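To keep things simple, chains are lettered A, B, C, D and E as they appear, and every chain counts its residues starting from 1.
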Amino acid sequence: MSPGIVVLVVAAISAVGYVLGRRRAVSLSASERVRLHSLPGYYGQTVALFAAVPAVIVLAAWLVVQPLLVETRVTGMIPDSVIPEGGARSLVMADVRRIADGIDAVLARGGISEGELSEMRADATDVRGFLAEVGVALGNDVPPPVFEAAKSYRQISKTGNFVAGALALALSIGFALWAYRRIAVDLRARNISERFVRALLVSASTIAILTTVGIIASLFFETYSFFRVYPAQEFFVSTVWNPQFRGGSELGILPLLWGTFYISLVALIVAVPLGLMIAVYLAEYAGPSVRSVVKPAIEVLAGIPTIVYGLFALVTVGPFLRDWIAQPLGLGNSSSSVLTAGIVMGIMIIPFVSSLSDDIINAVPQALRDGSYALGATQSETIKQVVLPAALPGIVGAVLLAASRAIGETMIVVLGAGATARLSLNPFEAMTTVTVKIVSQLTGDTEFASPETLVAFALGLTLFVLTLGLNVLALYIVRKYREQYE
Amino acid sequence: MSNMPTTMTTTTKAATMNESKISARKVQVFYGDKHAIKDVEIEIPPRSVTAFIGPSGCGKSTFLRCLNRMNDTIANCRVEGHISIDGENIYDPKVDPVQLRAKVGMVFQKPNPFPKSIYENVAYGPRIHGLARKKSDMDDIVASALQKAGLWNEVKDRLDAPGTGLSGGQQQRLCIARAVAVSPEVILMDEPCSALDPIATAKVEELIHELRANYTIVIVTHSMQQAARVSQRTAMFHLGELVEENDTDKMFTNPDDQRTQDYIMGRFG
Amino acid sequence: GAAAARDQIQIAGSSTVLPYASIVAEAFGENTDFATPVVESGGSGAGRKKLCEGVDENTIDIANSSSRIKQSDIDACAKNGVKEIQEVRIGYDGIVFASDINGPEFAFTPADWHMALAAKVVKDGQLVDNPYKKWNEIRADLPDQEILAFIPGTKHGTREVFDEKVIIDGCKEDGALEALKAANGGDEKAAEKACMALRTDGVSVDIDGDYTETLARIDANKNAIGVFGLSFYQNNTDKLRVATMSGVMPSVETIAKGEYPVSRPLYFYVKNAHLDVIPGLQEYIEFFVSDEMAGPDGPLAAYGLVSDPELAKTQAAVKARTPMGALN
Amino acid sequence: MTEISTFGASVAESRGKSLFAADERTRRRNAAEARFRMMGRIAVIIGIVALIGLLASILSNGMSSFQQTYVSLDIFLDPAKLDKAGDRNPEAIAKVSTFGYAPLIQKALQDAMVGKGIAGDGVNPKAAAELISKEAPADLRRFVLADPSAIGQTVHFDLLAAGRIDGYYKGRVTMESAKLDRNISPEQLMLADKLKEAGILTTRFNWSFFTAPDASDTRPEAAGLGVAIIGSAYMMLIVFVLSLPLGVAASIYLEEFAPQNRFTDLIEVNIANLAAVPSIVFGILGLAVLINFVGLPQSAPIVGGLVLTLMTLPTIIIATRAALKAVPPSIRDAALGVGASKMQATFHHVLPLAMPGILTGTIIGLARALGETAPLLLIGMVAFVREYPSGPPEGFFDPASALPVQIYNWTQRGDPAFVERASGAIIVLLVFLMMMNLIAIVLRRRFERRW
Amino acid sequence: MSNMPTTMTTTTKAATMNESKISARKVQVFYGDKHAIKDVEIEIPPRSVTAFIGPSGCGKSTFLRCLNRMNDTIANCRVEGHISIDGENIYDPKVDPVQLRAKVGMVFQKPNPFPKSIYENVAYGPRIHGLARKKSDMDDIVASALQKAGLWNEVKDRLDAPGTGLSGGQQQRLCIARAVAVSPEVILMDEPCSALDPIATAKVEELIHELRANYTIVIVTHSMQQAARVSQRTAMFHLGELVEENDTDKMFTNPDDQRTQDYIMGRFG
């Protein structure tokens, strides 16, 4: 029984359970002339849930556990002699699995029968050639113990699948029956199903936590090894970022943080006013037809691959700023600059501000606007003093999202602002960001265990902690200024 | 309270007694296909209180909103006809609705305080019109408006609390205070006392009475007694039509129209 | 499902080797029954790290590398049970200096580059902060053009070669090394390090991206000189004017003969334990180093890889699956 | 009192004035209003102009990749070369590598030139054969292996022209540039012109751009988006199926059900922070957790999809929460007041009202997920992949590429022909994105309403 | 309508005539720091109408919302004390507020129709409680609820129009219809007639009268006349305290408390 089929059967059982449960609830209420506690559908749902959830959990657990179990069983069958020198048991196991798959393929094609298969011996048959016919390529000829192991691998997996499938079906039917029998007019069916939904909601929101844990965990160990080979103090307070290929690098984070901050700031200075004005215009001034065209159009800006923006920065904006502003003002003659990257990035993140804010502004009740208009306020006064404050939490969320995007961007920075880490106030100079350096150090040609590569993890973790701090601050501000309408 | 005298002296020139402040001719309002106001003609005298009465859904609020073009904000609402204030057609394309609304204030049927502090709710209007130069001026305006609306005692200790955290009746009075604070020439009040207890109602009626000396007031009310108490003229709407418009005394003693009579006697519905 | 065994070769590593590896992979897929190998690019360092993650189907089989494997990688491999690794040198990568096609011709020496880019140079016998703004200030027969160089970022393998073969050699040539040695109390290492310190006033620009980025930057800054791989240059001869180095024009031939100084070997590393397990792995590496592919007339050479004069030795080693010895 | 009279006077000024005669202050306010409105309009115009500019440059660079030049030749599949033994043994035929097929093409071209009376004019046969893609022998070999009986016959083939020739007809390569170009000579271009006149060379719509897999650096003309499109589609399917329900569920819990306490604050800050995590860090996560710990395969859409899901979730959650927050509490009260459970109130009333915001979050989140390369770098999807993944769900575990990866790869390649391909791929990506968003946009319009 | 009898039979057992339906003991409500309800003790008899009166902001709505735990939805609101319905403590953690609210319906002070059609507004409650099995049953329920609320004639032609597009008074009646449609045992009405004209008011009062036979009704009103007309018992609140609770007749003729007397006489404020 393949898991797919079991899942389908379980789904069928729970569907039937739903119908029967519902029907039973209805008929009970009719015969006892008592109102049901919940809508009949909820009774159906409880049966369906009980039919599906335990079975699916068991099945899922089995899918995880079975390979482990089978592997341990089968690995034991492989004598050390067939394990090539320098190789590992796990690799032979890969062969075993490949052969087992191959056998399945052959069987499916009807090349041989089960009986013939059990007769078959690796030393007598050319298993490799045999499997090659069904498109399963093997790296080497098959030693007999491996072939035997493959056969029993197949056998055990089959039995395992069967047992698990049977168990799942039994659970499904058993729980379904139990849930069905339990139905009574005063069964709190809605509460049961809602508790289940709630559990789903809770587990969905814990994913954020798990992701965070995962990120921290995956960054932490390498960061730790980084700080073992590189002094933490240097990293945090040094103002020089100068990695060397052959060691002896200076890896101060400050210039990178400054670049990140500076470029993101420029991007936000471009994106927030533009985005907000677009949002305001679309939500308050534009007619529905304009809005329905412009909004999705602006959203395309967020979907254009960043390489396009990067090239735009490199080829158009950078030289323009250099030739028309920086050089005449004597502010340098670099075509890559903070301003170039910031402006272009700002354009890219406009939709983050505009679209989300537009939705939120649109959700502000009309009564508030009416209240303001009736006092003789102009539309812009109303927007600035009534609508926007009421929409503030959402707008802050949108801006944070935009800022986040700006912090995480690489391509535009690389092409627009260059790769030079520098602490400078001049926006016409090239600088770079933490994210860019994470990418470049991580994908570079230096050896992995060197501080030059490991620093990427330390950069990642530091950035993570810093943005966390910023977000706490943002939350605090939003809480303070939140205006709850009604 | 203190700035009342100044305002009074200047307002006199605007409206001569025999002219009407607001005059509406052949006003039609449609919500999409629904014909909500039919051919209404009315003259509203200045410095007086006019009451609109009529059964629920007859178009009182709709007509009231026409008078300061608040209907503009309803997407599918269409107004036809001619309404003029001080002889000027307010639906003229050249008219700035903002200026109009500064002149014609409104209190809505459903209280809609801003999600701001009580103080800010009241100070908002004066601020945008630049009525106060200093913080202390603003404090005075806010205090006096809240006093007039009879809310001062209840909220004076918590002017920083959000206006949305007030009780229904308090919100209603807050909205009245808000409207009064900008001292418009005309005040439209849509059932300003619906959520108020008798004492608060009396307080608001007193305010109306006081304002009458200088302002033109239009009030929608469901209470005949209230209409009788506060208004000089009364207009009776029914199914979108203006059934009768008359001096209040006459209206409640000897109405011209049968329907008015029926309505007042409670024989409708 | 997830438990199915892998049946294609997985390769990761250097983006310099990637074009060659993909040419071979494509031809391999075309000419055999095996699946076309998957060739990732993620940098030599990451590739070697992945190679050394263990012997398991879930790890890669081959790591491409633009520099030799490091002892730390070998240690990591050993720790994870990857005992036998084959080192396969596939040829040489030439590194060229090129400028916009419409600009003047350049004939460089390493000393020119050191003088142009170093933070400190010797001028009139004194160590001073680099004062040069134009090439002809360095050497009169260089063109009268502002100095602006796009050099590979410090993460690039190319940068290592650039530092070693151009900057340090130049440092020696123009005598700065001696001066720096004197300034550092005779410490040779410190002096070399000081040699490699480049000026930070925007004249030397690190490129973290790839050669296309350098090309685009030259497009935007017509008076700049960029550092490219030979193969990249060969594909863009209509846009770039290549400079000679110490009088030698870079080409596959001059590099193979060892005349052109700036080049480096390219490698891939194979995990021997996978050889018999991953279908086609042995065939692939043999195919790669075969004369048809990696020989002087093969497609790799046509694309700009400098064929290894000792290819026959490599072919034999690959046949014999000889694991690499200790690093020297 | 005196103070008050002064400001009272300012009110008085406007009092009684005509509606048509604006006073100083009103004029100023109206000017401010007009300015504000104009600013809005300008902002929209800037946005649109930026969009149009970017799209125009993408289109002008990339449209040409939808055209392709082909060489039509009748090729004699010479048994002497392909099947020396003459017994049509498939194994023996398979031994002949693509190098063995190249001469057949060279000869066929020469024959065709002779047939049409085209002189070589200093272009030797080998150089003439360079007009044809290196992919051509592979095509031939594939054809022969599929049908060995064709050996000995003359078969008509439409072969790809080489990248430079293709570029010549798209304006990328000119006679001038060819003079400097080591890979093509003006003579070869002239020959191509003659072939074109003779109808051997044709340019037409490039279907294989959408279906062919990637090709190596030497064959830009053969490179296509087939694998990348499948990979992206798989990943987007995973992202959409996982991130939308998960994101909405998490937001609902946090916004509607979770008690307000430190822990939920922690989650809230956490989610906002996840949005700020650079995407490559999600790649690190994917490598460490999904590949090394869970043991999922490298380069597989399933890993890419999961990583992108994690990356998209915060965007959707933040947007959804903001939208939920914006629904007035009186709506919830109304539902609860008639005895709806919180769950019912949320799903029946609040959620539909928050739908526009949710969909916006989805649109923006998916747009980002679709265009992201960095996280894929570490999980092995930034790769040269030529094999098509199988159908879902097994295909989720096969190596695949993705559209942004293909773009990224192509922009890094030496041959300028890949720049054009990359721009073409960007167009495809944008079309893909718009198709993906279309439903969301239509739905969003339906849910939009004011209250 | 069809399943009304079933409900009735089940409810009878709950409340014996001499028992009170709702009883509150030592109820305190805080909004953050604000002490909005102080030590309120009250017994509300079943199958009767109890009126809450008192000046605006005295805590009537707050207390009313305690009775079906609608206060749960206000973030900073804290309720202490003991409220039981049919002898069961409704603040018991085991109590499902949903079931409670299905049993104790509510009409809010500010009309809050769903942004859906009129039909859907009324049908929503019956639908989630499974009161109608067929479309036609639902149609009946909706029609009868709207009729009871006196809105049927005005909206019968436009049941598909959005509930938010109704006039203020119509919205109020829609909310009444919505509450009545689920036939709860207890109905809490917060100023249900505030936006209604006399005839509509009379209609609602008639409804209350009708419902009284089977339901327990608590109504907040500002109109003494209305309280006198519809209620059997009246409770007077002042500054968060329950000043007096008494038979309505007694209350309006001879109140025990001086403050009640003052309020009724309009001597407050």
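The rule we apply is simple: a contact is a pair of C-beta atoms (placed from the backbone, for glycine too) under 8 Å apart; a residue touches a chain by one contact, two chains touch by 3 or more.
All figures in this text were calculated on a predicted structure; none of them were measured in a lab.
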Touching both chain A and chain E (chains): B, D
Most distant chain from chain B, judged by the mean position of its C-alpha atoms: C
Highest-count interface - the chain pair sharing the most C-beta contacts: A-D
Chain at the geometric heart of the assembly (C-alpha centres): A
Approximate Å spacing (C-alpha centroids) for the pair chain A, chain B: 55
Chain centre separation (chain B, chain C; CA means) in Å: 82
Interchain centroid distance [CA atoms averaged], chain C/chain D, Å: 31
Euclidean distance of C-alpha centroids - chain B vs chain D, Å: 58
Touching two or more other chains - residues of chain C: 4, 6, 15, 33, 35, 42, 46, 209
In chain E, residues with contacts to at least two other chains: 98-99, 110, 128-129
Where chain A touches two or more other chains at once, by residue number: 190, 365-366, 378-379, 381, 442-443, 484-486
Set of all touching chain pairs, with the criterion as stated earlier: A-B, A-C, A-D, A-E, B-D, B-E, C-D, D-E
Chain D-touching residues of chain C, taken from the complex the two chains share: 1-2, 4, 6, 8, 10, 12, 15, 18-19, 21-23, 25-27, 29-31, 33, 35-36, 38-42, 46, 53, 58, 60, 101, 209-212, 229, 231-232, 234-239, 292, 299, 302-304
For the chain D and chain C complex, residues of the former touching the latter: 94, 97-99, 134, 138, 141-142, 177-183, 214-219, 291-292, 295-299, 377-378, 380-387, 393-394, 397, 399, 409, 411-416, 419
Contacting residues of chain D [partner chain B, same complex]: 1, 3-12, 14-16, 18-20, 22, 25-26, 29-30, 33
Chain E contact footprint on chain B (complex, rising order): 31, 34, 53-57, 59, 61-62, 109-111, 150, 154, 158, 165-170, 173, 190-191, 194-203, 222, 224, 263, 266, 268-269
Residue ranges of chain A touching chain D (in the complex, touch as defined): 190, 194, 197-198, 200-202, 204-205, 207-209, 211-212, 214-215, 217-219, 273-275, 277-278, 280-282, 284-286, 292, 294, 296-309, 312, 347, 350-352, 354-356, 358-360, 362-366, 378-381, 383-384, 391, 393-394, 397-398, 400-401, 403-405, 407-408, 410-411, 434-435, 438-439, 442-443, 457, 460, 463-464, 467-468, 470-472, 474-475, 484-486
